[in-house]
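Below are two complexes that have subunit A in common, paired first with subunit B and then with subunit C.
Showing the complex of A and B:
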C-alpha cells in the first residue's frame, strides 16, 4: 500500500475525529448517523462497485443486523459486545444462504431477485409483529445498552462516546475495504465485473469469488445495522423497507462506485442535501428520485470516480 | 403486499372449517380474479423486457397512475360510473402512454438501454411519480365504483359479476396481445428486434421506434389493467409496489421475456395467492410466492419457460 493512500485515508479519519470538537450537538448526532450508515454503503460498494453486482435488497442484511442486535439485547439478554458478534454471525449466515440462491440468477434477474427477497424479509418483519413490533419498532432501554469493557463502564447514550465508537467502526471498515480491494480478491472481483467469462476461462472460480463479495457486503450491512440499533437504541420496520435497499445504491453512485471513499462521501453528501432540501420542501423522496435520475444521465461515475478518471489515477 | 388491506369476507380459520367447500370455491374464484389481474399487470413488464431487455421499475407507478386517473375521471365525468369507466379506459392508457413516451425519449434512449442504468433511473422515476401523486391526489385511499353492480347468485354466496368481467377482459386482452405478436407484421417486427437488435437494424427495421412503441404499449397495457382493477381494489399513491413485485415474481418464475411463461406463472401464483390469502394471511401468501421464486431459481435459473441466455 503506497504512502499517499495511507495518508489520504488516515487524513479523512483524522478529520472526522477532529470534527467532534467543532461540531454542534446536532451535527455530532448527524455525523454519527452518517458514519454508521457509511459502513453500510462501504459494504454495498464491494458488491456493486467492485464485483459489478447490483443488489436491490441489501436492506435485508441491514435489517438482519438491526434486529439481531436489538432482539439480542432486549430478548436474549446479551451484552452489547455479544450482540455485535451475534448480529455479525446472523448477517454472515443470512448472506451465505441468500447469496447461494440469488447468485444463480445473473444480470437483471439478480437485481429483481434480491429486491424480492428483501421484500419478503420486510414482510416477515411485519408478519412476526409480536416479536419485531412492526412499524412501531423496538426501543432499547438505556440500562440494556450499558456494559463494561476492560473494567470500565460504558454508556452508549453518551453522544461523544457514541461518535467515537461509530468513528472507530468506520475506520475499521475503511481499512478492511482497502485491504480487500487491493488484495487478490479485489482484483479478481474487478476482473469478473469487466468480463466474467474471461475470468472464468483464466481459471478463477467465479462463483466462489462472487459469493465472497456477497457475504462480505452482507456482513458489512449487518454490522452497520447492529451499530445503528445499539447506538440509536431503535429498530423499526422502515429500516428494512425498499427505501433502505436503494439508499446505499444512491450513496455509492453519488460518491463514486468502485472507489473506497466514494460511499462515505456519498452518504455524507446525500444527508446534507436532504437536510438542506427539507428546509423548503417536504418531498424528500422526490429529491432522491431526481438525484438518481440526474446521476445516471449525467454523472454515472460519481464524484470520486470522476476525480479519479480526470486527475488522481492512483485513488483506490 | 405492503399496501394490501385485509378485505376477505371469510378470513377466520374456524369459520372455514365449518363449511369448507363454499370457502374453497370462493378462494378459487378470488384466486382466478387475482390470476387475471396478475397476468394483465405482468404483461406490460414482460413485453418490455422481452423486446428491449430492460426492466422498468416504474412499471408499478404506471399502474398507480392509471388507477389514480380512473378515480379522477370518474369524479370529473358526469353520468354515472359506467361512462366514467369507459372514459377512463380511453384516457388513462393514452395519458400513461404519453408519460412512457417521454420517459423513453428523455431517459432510456439517452442511457442507450443499458440494463443497470435503466433500473437505477426508473427507481428514481418511481420515487418522483410517487411523490407527485402524493402531492397531487393526497395520501388517502380512493374508492372507484364498478361500472355495473350485478351479483351472480350462487347457492352459498353472491359473487361480483364485475370480477368475472375482469377475468374475461383479461383473457381477451392477453389473446389480443398474443395475436398481435404472433400474427401481424407489427408482431413480426417486434420479434425480430427481440431476437437480434443489430441484424434487425441491418434489415432496415427502425429499432429505436420499435423500442419506443413497445415501451409505450407496455405502459398503456398496465394502465388498462389498473382501470379494470381499481373498482376491486382502491387507488392509493403507494399501490404500485404490490403489482410491481408480483409482476417480478411472475416474470421470474415464467422466465424473463416469455409471455406464455408469464401467463402460466400468473395463473399458478394468482390461484395459490387467492387460496393462501383466504385461509391464512395475504402476507404469508406473498412470502410463499417469493420463496417459490427461490425454488425456481435453484432448480431452473432461466425460469419455467425461459431460454438460457445466448
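Showing the complex of A and C:
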C-alpha cells in the first residue's frame, strides 16, 4: 500500500478523532450516528461500487444485526461484546443464504429479488411484534448495555466513549475496505463489474466472487446495525424499512461509488444536508431530492469519483 | 502426436435449427487447425460449445482425455482452453496492462508484459484499453488469450477488421504461439488459412463437410461448391 494512501486515510481518521474536542454535544451525537451508518455505506459500496451489483434490500442485513444485537442483550442475556459477535454471525448466515438465491438473478431482476426479500423481512419484523415490538421498537435499558472489558466497566450511555467506539469501528471498516479493494478480490470484482462475460472466460469463478462481495457487504451492514442498536439503545421497524435500503445507495452515489472514502463522505454530507434543510422547511427530503438530481446530472461519479477522475488518479 | 481435444456426437439445437449436428472432431497437440465454412455454418456455435459458453444438446467433449462436457466455462479456462471473442470483449475502462494482468490472474500486481510485447502493444501498456484503435483492441484480445498460457487457444475470426500489414504480423504471431500451444482458428480470410493451418475442417450447416490438409481442401469439389465457389 502506498504511503499517500495510508496517510490520506489516517488523516481522515485522525481528523474525526480531533473533532470530538471542538464539537458541541449535539454535533458529537450526530457524528457518532454518521460514523455508525458510514460503516453500512462502506459495505454497501463493496457490492454496488466495486462489484457493480445494485441491491435494493440491504435494510434486511442492517436489521439482522440491529435485532440480533437488541434481542441478544434484552432476551438472550448476552453481554455487549457477545451481542456484537452474535449479530455478525447472524449477518453472515443471512447474507450467505440470501446471496445464494438472489445472485442467481442479474440486473433488474437482482434488484427486485433483493427488494422482495427485504420487504418480506420488514413485514416479518411487524408480524412478530410480540418479540420485536414492531413500530414502537425495543428500547435497551442502560444496565443491559454496561459491561466490563479487561476489568474496566464500560458504560455505553457515555457520549464521548460512544463516539470513540464508533470511530474505532469506522476506522476498522475503512482499513478492511482498503485491504479488500486493493487485494486480488477487489480487482476481480471490478473486472466483473466492467465485463462479467469476459471475466468468466478468463477462468474466474464469477459466482463465487459475487457471493464474497455480497457476504462482505451484508456483514458490514449487520455490524453497523448491531452498533446502531447497542450505541443508541434502540431497535425499531423503521430501521428495517425500504428507506434504509435506499439510504446507503444515496450516500454511496453522493460521495462517489467505488472510492473507499466516498460512502463516508456521502453519509456525512447527506446528514448535514438534511440538517440544514430542516432548518427552514419541513419538506427536507424534497431538498435532498433536488440535490441528488443535480448530482446525477452534473457529477454522475459522485464527489470523490469526480475528484479521482479529474485530479487524483491514485485515489483507491 | 496425442489428441488434445475430441468431440463425440456433439450437437446443439436452437429450437428447430440444428446449428451443430453430430460433430466428431479431433485436434492434436501442437496443431494449428482452421475451421472454415460459409456464414451460418455453425463455426462460432461449435467453438462456443468447446469453450463452455453454451451447453450442448447432445454429445461429449474430451479435453486431454477427460470428459469436460459438464464443466462450466471458467473451469475449462483453468484447464487450458482459452477463447478469444469474435466481437472484441476487453475491459474498455481499464488500462491495457490491467487487461493482461487480469488474464494472467495477477490483477493489480506486476504481471508480466510479455504477452503485450508479443503482439506489439508493450508501449501502450498504460493506455486505457477502450481508447485503442480497433485493430489494437483485437491484438489486446489475443494478448489476453496468450496471458492465460493456454494449451488450446481458440481464435474466433481474429483478423476481422485488421489491415493487411497487421495481418502479416498476426501470421508471424500465430506461428510463434503454435510452438507451445495448440491453435483452433476460425477464419474467413482464405489465403491466411491456407498459409497457417496444418489441417482444415470445413463446416456446412452444422456438419463436417470435409477435413484434411490445405491441399486436400483446395482440391475437394464439395468444399468448392459449398464455400470457395465453383467458378
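The rule we apply is simple: the second predicted complex is superposed on the first by the 313 of 316 C-alpha atoms of A that agree within 3 Å, B and C clash if a C-alpha of one lies under 4 Å from a C-alpha of the other, contacts with A are read in each partner's own complex, and residues count from 1 in each chain.
Simple rule for what comes next: contacts are C-beta pairs under 8 Å (C-beta built on N, C-alpha and C of every residue); 3 or more make two chains touch, one makes a residue touch a chain.
Note that this is a predicted model, so its numbers are computed, not measured.
Legend: residue contacts after superposition of the two complexes on their common chain; A:290 is shown touching subunit B, with no touch to subunit C. Among subunit B and subunit C, the chain that touches a larger number of residues in subunit A is B. When the two complexes are overlaid on their common chain A, residue A:28 makes contact with neither subunit B nor subunit C. Look at A:195: by the touch rule set out above, it reaches subunit C but stays clear of subunit B. Judged by the touch definition given at the top, the superposed model places A:112 against subunit B, while subunit C stays out of reach.
In the superposed model, A:261 lies in contact with neither subunit B nor subunit C.
When the two structures are aligned on the shared chain, A:101 is found in touch with subunit B, with no touch to subunit C.
By the document's definition of touching, neither partner reaches A:174: not subunit B, not subunit C.
When both complexes are overlaid on chain A, the residue A:126 reaches subunit B alone and has no touch with subunit C.
Within the superposed three-chain model, A:205 lies in touch with subunit C and out of touch with subunit B [touch as defined at top].
Subunit A meets subunit C in the complex at residues 182-184, 186-188, 190-191, 194-195, 197-206. Contact residues of subunit C toward subunit A in the complex are 51, 53, 72-75, 77-78, 82-83, 85, 89-94, 98, 102-103, 105-109, 144, 148. Subunit A meets subunit B in the complex at residues 54, 56, 101-102, 104-109, 111-113, 115-117, 119-120, 122-124, 126-127, 242, 246, 249, 253, 283, 285-286, 288-293, 295-297, 300. Against subunit A, the residues of subunit B that register as touching in their complex are 1-2, 49, 53-55, 107, 110-111, 115-117, 119-121, 123-128, 130-132, 134-135, 241, 245, 248-249, 251-252, 256, 281, 283-284, 286-287, 290-291, 293-294, 297-298, 301, 309.
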